[in-house]
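Alright, structures below, take your time with them.
The same chain A turns up in both complexes below, where it pairs with chain B and then with chain C.
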Partner chain A sequence: MISRRHQISSQVVSVSAPLLIVFLALAMGLLAVLLAGKSPVDAVEAIYKGAFGNTRSISSTISRMVPMCLVALGWIIAFSTKRVSIGFEGQIIAGGAAAAYVGLTLNGLPAFVHLPLALIAAVLAGGFWVALPTFMWARRGVHEIITTLLMNLIALEMISWLVRGPLQEASGTFARTDPISANSTWPTIIDGTRLHWDALMVLVLIVTVAYVLKKTTFGLALRFVGANPVAACYQGLNSTRISVGALLASGGFAGLAGSSLILAQPTSTMSATFSGGYGYEGIVVALLARNNPYAVIPVAFLFATLRQGSGLLEAKVGVSSAIVTVIMGVIVIGVSVGVLLAEKFNKQQIAEAAK
Partner chain B sequence: MLKMNGISKSFGRLHANENVDLIVEYGEIHGLLGENGAGKSTLMNILFGLLQPDSGTIEVDGKIVKINSPKEALELGIGMVHQHFQLVPTLTVAENLTLTTPGPMLQLDLQKISDYISEISQKYDLEVNPSARISDLSVGQQQRVEIIKLLFRNAKIIVLDEPTAVLTPSEWQRFTPFLKRLTEEGRSIVFISHKLDEQFDASNSCTVLRHGKSIGTRVMAETDKDDLVEMMVGKTLAVAEVRQTIASDAETLLKMSHVSTRSAIGRVGLQDISLNVKSGEILGIAGVDGNGQDEIVDVLLGLLDMLSGNVELRGVCSTAMSPSKWRELGGALVTADRHTTGVALQLDLADNLLVTERHNPELVRLGAFSKAAVERHVTDQLNSFDVRGAQPNVTMAQLSGGNQQKLVLAREMNREIDILIAAQPIRGLDIGAAQTVHDRILQHRNNGGATILISTELDELIKLSDRIVVLSGGCIVGQINNDESFNFDELAGLMAGGNAT
Partner chain C sequence: MTPFDEAWLVATIAIMAPLLLAATGEVVSQKSGVLNVGLEGFMLTGAFFGLLGAASLDGSIAGGLFVGVVAGMAIAAIMATATVAFQADQVVIGVGINLLALGVTGFLFDEVASDIAITQLHSASIPFLSDLPFVGSVLFSQKVTVYIVLVIVSAVWWCLYRTKLGITIRGSGDYPSAVDTAGYNVTRVRFFCVLFAGAAAGGAGAMLSVAEVGIFQDGMVNGRGFLALAAVILGRWHPFGVLAAVALFAGADALQLRLQAQGSISASVWFITLSVGGFLALSGIRKKAILQAIFGGSLFIASLTVLLIGLQVIVPFQLWRALPFLLTLIVLLFFSSSVKAPAYLTVHFRRKQ
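Coming up: the complex of A and B.
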């Protein structure tokens, strides 16, 4: 029997380890600023002002959290069955493109029909984009980590063709679409800012995912399959089918993230680069949040702050905004190592407690 | 000469090895016999330095040695071929050998190693091509590569762990002369197998382990199967529990007719298995592990396809059986290997208890577990089998093996069931808990339930079963009524090789 003290100490480790890693990464970033001959104090100030300086910047920071959180939820669902999908970038593109298509074509529909239609199209397209890798895994055991990654490359090519081909703006000047129908876009929460009502949808989805995983029979099925797929079969769960469901749902979430990058932006056109790396960043957010849906919020907040603040960092302090990418990179490495160490620590605790 | 003297090793209260002696001379094939859990693995792990004995010594060539790792064992000339080969499938035979070669990698001479392999291959007629890729080789050839690996490192004592599990009978026939050639050169082989025929085929002498103790060593030429079986399973003092006569018109709840399945690596093919279990009856299935027990369970649950035959559950011919349907029809299953097929170690106790209750209307409303009902249910379940000191939110991995087993039993048996499959239900339990489990099974029988009891413990089978069938190599080799006419020697004879006396 494990003692209470052990349980508490392992909880402390699982919370404090990520905090420590983030702190170290920030310290390293500031050290780099110092080495570049600039003042770290100025850098912190610039990031702070860039992210929280006024209503507009705060709104932008929050709006950046939306796709990160949605992708992170997608990861959490797939990973609850221990499937490792890294194809969110492609699914974002597929979802965004589908949303843009619906937004561009079905003109004249009222907003309460048009927007939901665009969202549904995005979810389906995201699910569709992960369907092939899912099918290959379920039928032939082809590992989804490779196939989902490769699907990203296909999506990138597809989107550059779409915005230069069938969906290019009528004038044919730039590689982007015409503005999509205002009836299919999210209304803003605060006028003149990037903050749209999709942020509320994300909040609802976070609560929903947390509830489903923790409290429902379906959530138990997902977690049991993830923990032991063979035993799950003997307990009457169809492990393969459940994992397939989880992967498809995760694609749907990434597709939804794509829709927000089209339907909740100040410029309502689609360019080839709209996915912006959120498909990868969302995974890191989920990992740092240790696959806890609620923990996704503060982690996404941290990442969005760094991203949003990095613009001013470059303009004011003269340090390349790439420093922020370095910080995030260090966080990723730190998380990977830290999770391993924390697991080892927990195992030791259990082993010691068992003696 | 290898000499293991008075080796003892305990894990908590379990004595895995108790004063075990093993003496292996050069130039002999020495068999190591014993049921699963008899202590063979522990003994070998001690020999290879993966475990340190609590007491006892290891002598190699008359010198007492302390072995801390498999590497140190190999330096002393002791090598092992594991059941799961340690080869890199994408590399060639020669490349695999280089991986285990000591010294700096840069100085490797692949040609030299290839020549060596060809030489060995010719000398022993092994037909191993040094430039063949491992993944292209048959399992038997891969096994020979493993042995060549040990010869290359000059191993004098080679331990083969269940080598025949992966071999076809014809491969085995070619394998024995090879082993004998190796011993003629002064090497010795430790041959782990619980198949008696193979021991008589290959070994010069053999040591029997039972319940962690070495029962004795016999020279093969001076012993027979009956003697070895008796050493393996022991004379039993078990007495049948109070019987309940089965009414002649009792309903047949479960019927397997002429079931055959395909054999595969790691899978015994069932051959023409027919079983039936009536209401109020306990059918015991005896036999050494891995002779078709798992396959029978999988067929009954619909997890393994039949080549021919059919299964009827309560008179309903069920061609499309599945674990959930099995449960719906009133079936319960206690699997033999709980870590693989029974529980999810990383999840907590409540999750492990609730996984089969996803459609229970008392616990589930609109797809979600209702908190109060679940808490009551989980507490009841944990208390009913006395899962000691367990909080519902503790993970399964934190429980001892015995408590894990009790949780599985609680999940499977604390509900309305008609047909119970109990495979090794008391493995890992202390005597008190084992008695509780047996009482539950008898209570289930008294309520008119049917039971299939799969066990390698004859005591357990004799105590509970009405009839005992003996499995060997996927076939039923005999059936014995456990009544006044019961004769222990008859059962032992069946287990020894199928020829009933």
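Coming up: the complex of A and C.
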């Protein structure tokens, strides 16, 4: 009989293991700053000021969370059926480009039509960008890891062509689009900040995804397929079709993330680099959140703070902002291993208690 | 003017070498059951530390390549420890490895090494053979590293298919419990195979920075690690299959470099797409693969139209740059059904108690 005390202590271990790893990774980052001959105190101060120094930086930090959360949700949905898509970067690009296209072309529409149209276009484009890998997985048995990656690389070339070719600004000076019609962009929540209403949409989506995965039959079907596709088939579920749906939906979420990077930005033009690595960071967020939709929020907050703060870190203290990428890599590897060790530790504790 | 000339072949082989080395290492690792999504990261690490090593060893190319190999093994050791020893998810750790490599090389590049440059490796002509017409310049006037890579690929093939060690490695990926029963340690086999993949990819990365350009740039590996992963699948997990796949990619890459310079596409390229389209259409009809037949047929008709009208098609250079990736997708789409991955690829091995 496993006592309540053991249940609680094993929960404490599983929660504290990732926290400990994050703490260690951050400490290691500061050590690297020290070794580079700069002051870690200055570094912390620069990150804090860069991320929370004034209303503008606070709102920027929060708006950075939006694409991270959306991609993380996409990963969680696909991974609930154990499909491993790493093509979010490409889907962000496809979604953002579609949103920008709708925003640039359909002028004169009222905002309540134009913005939803742009969002729908982005979702569809994101889904479209994962459609070929999905098809190849479902019909040809080609693992989606490699195909989604290839689609990322293709998307990078596509966006590079779009902003220098058909969608380039009329003056033709820079590799970017003209400003997108104000009617298709998200309005700000508070004037003069970078906080747009898409942040609220993300909150709603997080709650929805959490509800669907945990409380509905469809969510159960997703998790069933993920746990054992063969058994799911015997239960009358079409495992392949459900996984295909999950992959397409994950593409839709990434496409939506792309739309926010175009429609909820201060500049409202599209450049070739707008996707900015969010497609990979979102995966890291989901992993650290252990695929829990609610846990995505604090994790995204941590990473958005680091990313937003790293700008000032580079400018003021002179420390390369790549340090944030190092910290993320360490967190991914450390948390994956740490969680396994924590589970092992818990099992041992329970086995001993059972004796 | 045809782009398929001597210079194209020379460039193809030069582009092939690092890709082939990384892909060959990955074949060994995947044969043993471990997928390295972090191959790109291995190469990046090798490229950076290889150049750093070469620069601190007075520009020694051999020293730089060696340091690149060691650096690749070091980051592969992280991969192997996490996935083989601790049995963490191979794909997740691979993503982490890529982030780690990108971050570490970017950070160190900004902090200590942003202005390092060395003299890159010059081509080595093999005496007498390099004087032969055509073959001499294509095959026997390449850089030494190219020959080394070819030797390594042959050695890997021999080891995998002609030795007991090879059987053990392949068994670890196809039927690990049998290898275990035979008294070998599957964990150890996989660990060393990942290290080998790291060494090869690290060496490949160092070839890019040390032997080819003599500098390091952010993102200089530029998807080659992912391309090598694709080549492993396309080459059906066989060293010589991988050689063919890499030759295809490298040929396309060298072609795009030359076509970019030429502007419009010459007729010889259209003849190739014409024959490829015709082949796909016919084999598609024979296999009753409708999609493939339609794709091949439209490619055939499009190429034929262009040739007959004498259309001057100008394609944006980005399409050429995406060509190797598109080609991989197309080949995987149409020819993947007969390809079988090692049965226990990405599956952890736990010894029964």
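By our rule, the second predicted complex is superposed on the first by the 330 of 355 C-alpha atoms of A that agree within 3 Å, B and C clash if a C-alpha of one lies under 4 Å from a C-alpha of the other, contacts with A are read in each partner's own complex, and residues count from 1 in each chain.
As a working rule, contacts are C-beta pairs under 8 Å (C-beta built on N, C-alpha and C of every residue); 3 or more make two chains touch, one makes a residue touch a chain.
Everything numeric in this text was worked out from a predicted model, so none of it was measured.
Of the two partner chains, chain B is the only one touched by A:Thr216; chain C is not. In the superposed model, A:Phe224 lies in contact with chain B only, and not with chain C. Residue contacts after overlaying the shared chain place A:Val142 against chain C, while chain B stays out of touching range.
Measured by the number of chain A residues touched, the leading partner among chain B and chain C is C. In the superposition on chain A, contact is made by A:Tyr234 with chain B only, not with chain C. Once the two complexes are laid over each other on the shared chain, residue contacts for A:Leu109 go to neither chain B nor chain C.
With both structures placed on the common chain, the touch criterion links A:Val44 to neither chain B nor chain C.
By the touch criterion stated above, chain C contacts chain A in their complex at residues 35, 37, 78, 82, 86-89, 91-93, 95-107, 109-111, 223, 226, 229-230, 233, 316, 318-319, 321-322, 325-326, 328-329, 332-333, 336-337, 341. By the touch criterion given at the top, residues 32, 36, 84, 86, 132, 136, 140-143, 145-147, 149-151, 153-154, 157-158, 160-161, 164-165, 280, 283-284, 287, 319-320, 322-333, 336-337, 340-341 of chain A touch chain C in their complex. Across the complex, chain B meets chain A through its residues 301, 303, 322-324, 326-327, 333, 335, 340-347, 351, 354-356, 358-359, 364, 367-369, 388-390, 394, 397-398, 400.
The part of chain A that touches chain B in the complex is made up of residues 1-2, 211, 215-218, 220-221, 223-224, 227-228, 230-237, 350, 353-354.
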